[in-house]
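Consider the two complexes below, in which subunit A is the common component and subunit B and subunit C are the respective partners.
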Partner chain A sequence: MDHRSALERILRAIALTAIVVFFMFPIFWIVLMSLQTNETILRSPPSMSFVPTLKNYAAIISGELDSNAGTMSIHFMNNLLNSILLSVFSVALALLLGVPAAYAFARHKFRGSEDIAFTLLSFRFAPPLLVLLPLTLYFQALGLANTYLGLVWVYQLICLPLILWIVRGYFEDISPDIEHAYRIAGHGWFATFRKIALPLAGPGIAAAGLLAFIFAWNNFVFALVLASADKQPVTVGALAFVTASGIQYGQIAAAIVMSIAPTLLLALWAQRYLVEGLSLGAVKG
Partner chain B sequence: MSDVLLDLQQIDKIYNETSHHPVRAVKDLNLSVTQGEIVALLGSSGCGKTSTLRMIAGFEAVSSGEILIKGRPIHKLAPARRNVAMAFEGYSLYPPLTVEENIAFALKSERLSKDEIRKKVAEIAHLLEIEDILDRYPGSISGGQQQRASLARALIRNADLHLLDEPMGQLEPQLRALLRGRLKHFIKERGLTAILVTHDQTEANALADRIAVMEGGVLQQFDSPLHLKDRPANLFTGTFIGEPPMNVFPAQAETDGDDLKLNLADGVCLTYPASAFSDDLKARLLASDAFVIGVRPHAVKITAGGHPARVYANQWLGDQTHIAARFAGQTIVSVRHDRAHHAPGETIGIDVAAHDLHIFAADSGRAFSHGGALA
Partner chain C sequence: MSVQADMPVLRRSSRLSRTLLPYLLSLPALLVCIGILIPFVTAIYYSLQRYRMSQPWNRGMNWGENYLNFFTDPGFWNTLKVSLVYAGLTVGIELVLGLAIALLLQRRSRVNNFVSIMLLMPLMTAPALAALMFKLMTNPNFGILSYFMQLLGFHDFRWASSPNTALLTVILVDVWVYTPFIMILLLAGLRSLPTQPFEAAALDGVPRFEQFWRITLPMLSPYILTAALFRLLDSIQQFDIIYAMTQGGPGNRLMVFQVEAYLNFFQSTNVGRSAALLMILWAITYALSNVFVKNWLRLRERAKGGA
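Entry: the complex of A and B
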């Protein structure tokens, strides 16, 4: 079956390895760093041989950060929890609002539908800092500043357009006649949406949700401006590692490993749905 | 009429109504279908036949007019509440379900027991020759099989009206011929009422009790297959129905003693005894400057004493010969049911009997007469 020559296969393998190494190396290096002390990280020349230590992880989890100048307390675990709360609720709300909206935009061409959809997308064009200043003033007046509700609301600027536009495309790829066939057999439009459209667009919804989750997780500037210490996610919390007495590379690395772990796990779990989406090509047309 | 099942009253369909380019897909359509009748909507692509079907099903809103089923206006109801079944041209099977489940889900609302559903599915699967693919998924079967599954899903329903959108377009010719007979038997035996959308006139002729010919969103003629062929209401229906198409020639009339002469192009003159035409028709023909005569290819006779014409193609189709010849500045086609050996370049004699003439107005295309008497 395989008509490729041995040489071709070897070259392919080398190319693939090079690509994997190129993209994975920073992560690999960070994992290594997280298992070393600041001294071994900073020694010159750098070396791959070291005695692994879990001290950095222990410090992060306990919140007691050792530095040259003494001990200082950080709230990394609290930040991690904030990240999870903010991302999960933002994506959940965006899915709740965005998926029905995407269905409406895909199936019903009403007056101004394209304009509304484009306006929603245009939220992504505006530089966040430009939006933030007036938003901060309004939020303070409304009492939404430094609340989870306010942050989840602002995060919709990131999540909602993304989910709306990706999921809309998936709905548009489903032949309307599949839904028509279900409706003419005696089912209402909501049953059709739930039983036919949602399952068929499922992989697309999973992909969009995952992407929105990553964007929400990595958001920095909204939380920096709108949240105080106890509501800040890891992206903002990581600033605490840059101290007057030096940068704690080992602990930063450990914090990074811990903060990418949830998204990584989510991506691995969602992967099977994404693959399922690819094999569902028969739906089209 | 008390047994009218479906009544379309002054239906208009305008797409993009609010935009700068509104498209009138269906214009002032009136159509009545009686209980137990099979009606075909026949026309070329974009003639409005599928739009009409989708308005009856409820997937398109009517722009104006009313649709009644059993006297009840249904054009504002949701598709689920119209009690109609439909087979879609694009099959539209639900991919995560097997063929059997796809067919059965149309029955969900009829509250039948599992055994009854299985029995009905088996029966319809046997009819449409899809028993062997019942446990397969739509993605793994051919287009023709998907189409039959989609047809089965519509036929299994106990609905007031069955809408079939090009139900056999994807089938091989042999299977199509076989299933046409079975489909007609099935519909008639159960007394179902069906509307069939097709661009295949053989299918329309074979299945339908009446055919609605549509063109440009306008209903051209709604009549039995026999009348469509013998008494086309206008030039469009005349040339659209029939294979090969009707031969048409612009003509003028004059009297010469006891004869009526029809002058065609290139000095060709068809002469008939004036008594072959009714007095009304004669008066009408002589009064109009120009009209169009049409002759079905089957009625064009090749005789030794006929008007000369030069053969340019001879096609033997296995059971009939199509002979094309230059005549009166155009091509005339004659069909014979034997094997005729007229070689290209040969001169033959063409003859057309008065009772085979269809005469149409040159401007409106409306039929004046069929076979010597006013239409």
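Entry: the complex of A and C
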């Protein structure tokens, strides 16, 4: 592989640069925008030289935004808190429900297990609105409309299939002989599950949990349909921001940066797990 | 499937609890999902009704009428066409780009590693927020992409607000977000390929271009198929990017299935038509997901068998 020509190396470097620019530029530009005032944003031609300011972030955090029509109060921090609550509790519930079920599917071939597992997976692929639209009517009848409980439950639609299928793959990779030996030593199934299976599948569970968190955080349509303003996560909140006329562009950009930062940082921190989870256990390596 | 046989007979657990255990373990997950199945059945029921929330007195079963009406409904054919074009173009572009990038990054090196971590970032961005980012970037007053277009000589390039370029704009966002997904899957696939065929080909002096067509591509094809099907399933249901960008407009230029169904339900309150639209989308995705799952399970088997 070392007999590459100089030309090829140069072409390769150009291609890699182009790739990084294409995929990183929007994020870079939004961050730049969030550090500018409206005056510098609206300059023509656009320029990279400006005195950075944190005013936009301060405005978002205080909830008092400058618009053409004076000060407007929009509590974006509330959206951020909703995103955190919804994602954390949805993943926690999905792990609690999904890991034992994944273990059952991996270890015991019981009647209908493949059908059930496939049905659960097929939720991942069904059009979400198909379930959400009738659900709005049920939620109103059940008093679950616009509650965290109702939303966390519906978020299982994203989190549970993901956890079930990724974790199941990891459980299947553990040789049953190890568990077998532990049980012959006189331990019950629960001790075996807790002391042997869970730790061995740990990386898989972590990968699945991380992915589920990111998907829950990035979800848009569930909360758009089922939550009103005070329960909306950042994805829906930011849309209201852009359509509310006259808000300063730098403040919109700051809100977007604050909304995407948590998942991006999480991804940087745990990229190895993520890549493995994202390849769906289809390929190990 | 390499599902292991039941645990052998053990002294401590009774026979009954052993047969019940797997059901008990998966029961909570199932119960949560049954709660989700009920609205699904309700949607089928609605799709067979004449049901407008604005005309509650007029509600009643009309059986297949909502579906039959689609045949003569230009709005439906527009939706079907836009959805298929969107899914086809996004997945096609993302496959070509994703494969090209995966090939570039195949060798493990520090630079390649850095690039692939950077590529994770768009994928971790919420698609709805990505659409908003591009909305700012294509703003006619200060958007940097509008400015670039001016430099290229297009002085009135209106991106998502023009019917001619709206589709291109949302496809650009989709490509930005999801190409890295295909790249990650194909890169993992490339790195798991056996090296012997390539070494043999190099010894025989087979040109690299030929190696790609004759060895790499055929060996990689199961991975390509899995990635393509997975993306196709998502892309034909795209809602976030399109809704956040234009809500289906301008006109009905971007009225894909889910956006159309959403607006039918909440704006024109035509529940029956909305449900019927979603049922058709569901039928398409169900067929695709069956093919996908079969293909994916086979791939998993191979990955395990080869390891």
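Heads up, the rule we're going with is that the second predicted complex is superposed on the first by the 235 of 285 C-alpha atoms of A that agree within 3 Å, B and C clash if a C-alpha of one lies under 4 Å from a C-alpha of the other, contacts with A are read in each partner's own complex, and residues count from 1 in each chain.
One rule holds in what follows: a contact is a pair of C-beta atoms (placed from the backbone, for glycine too) under 8 Å apart; a residue touches a chain by one contact, two chains touch by 3 or more.
Only a predicted model underlies this, so the values are computations on that prediction, with no experimental measurement involved.
Looking at the shared chain after the overlay, A:I196 reaches subunit B, while subunit C stays out of its contact range.
Of the two partner chains placed by superposition, subunit B and subunit C are both touched by A:H180.
In the superposed model, A:S122 lies in contact with subunit C only, and not with subunit B.
Here subunit B and subunit C are compared by how many residues of subunit A each touches, and C touches more. Within the superposed three-chain model, A:I214 lies in touch with subunit C and out of touch with subunit B [touch as defined at top].
Shared contact residues of subunit A with subunit B and subunit C: 176, 180, 183-184, 186, 188-189, 280, 282-283, 285. Note for the complex: subunit B touches subunit A at residues 18, 57-59, 78-80, 82, 84-86, 88, 90-96, 105-106, 108-109, 138-139, 150, 153, 157.
The touching residues of subunit A, when paired with subunit B in their complex, are 111, 175-178, 180-189, 196, 199-200, 280, 282-283, 285.
Those residues of subunit A that touch subunit C in the complex are listed here as 1, 12, 15-16, 19-20, 22-24, 26-27, 29-30, 33, 41-46, 96-98, 100-101, 103-110, 113-114, 116, 118-123, 125-135, 137-138, 153-154, 156-157, 160, 164, 169, 172-173, 176, 179-180, 183-184, 186, 188-189, 214, 217-221, 224-225, 234-236, 238-239, 242, 249, 252-253, 256, 259-260, 263-264, 266-268, 271, 274-275, 278-285.
Residues of subunit C that touch subunit A in their complex: 1-8, 10, 12-13, 19, 21-23, 25-26, 28-30, 32-33, 35-36, 38-40, 42-43, 46, 101, 104, 107, 111-112, 115-130, 132-137, 139, 141-142, 144, 147, 176, 179-181, 184-185, 188-189, 191-192, 223, 226, 230, 233, 237, 239-240, 243-244, 257-258, 261-262, 265, 271, 274-275, 278-279, 281-282, 285-286, 288-289, 292-293, 296, 299-300, 303-304, 307.
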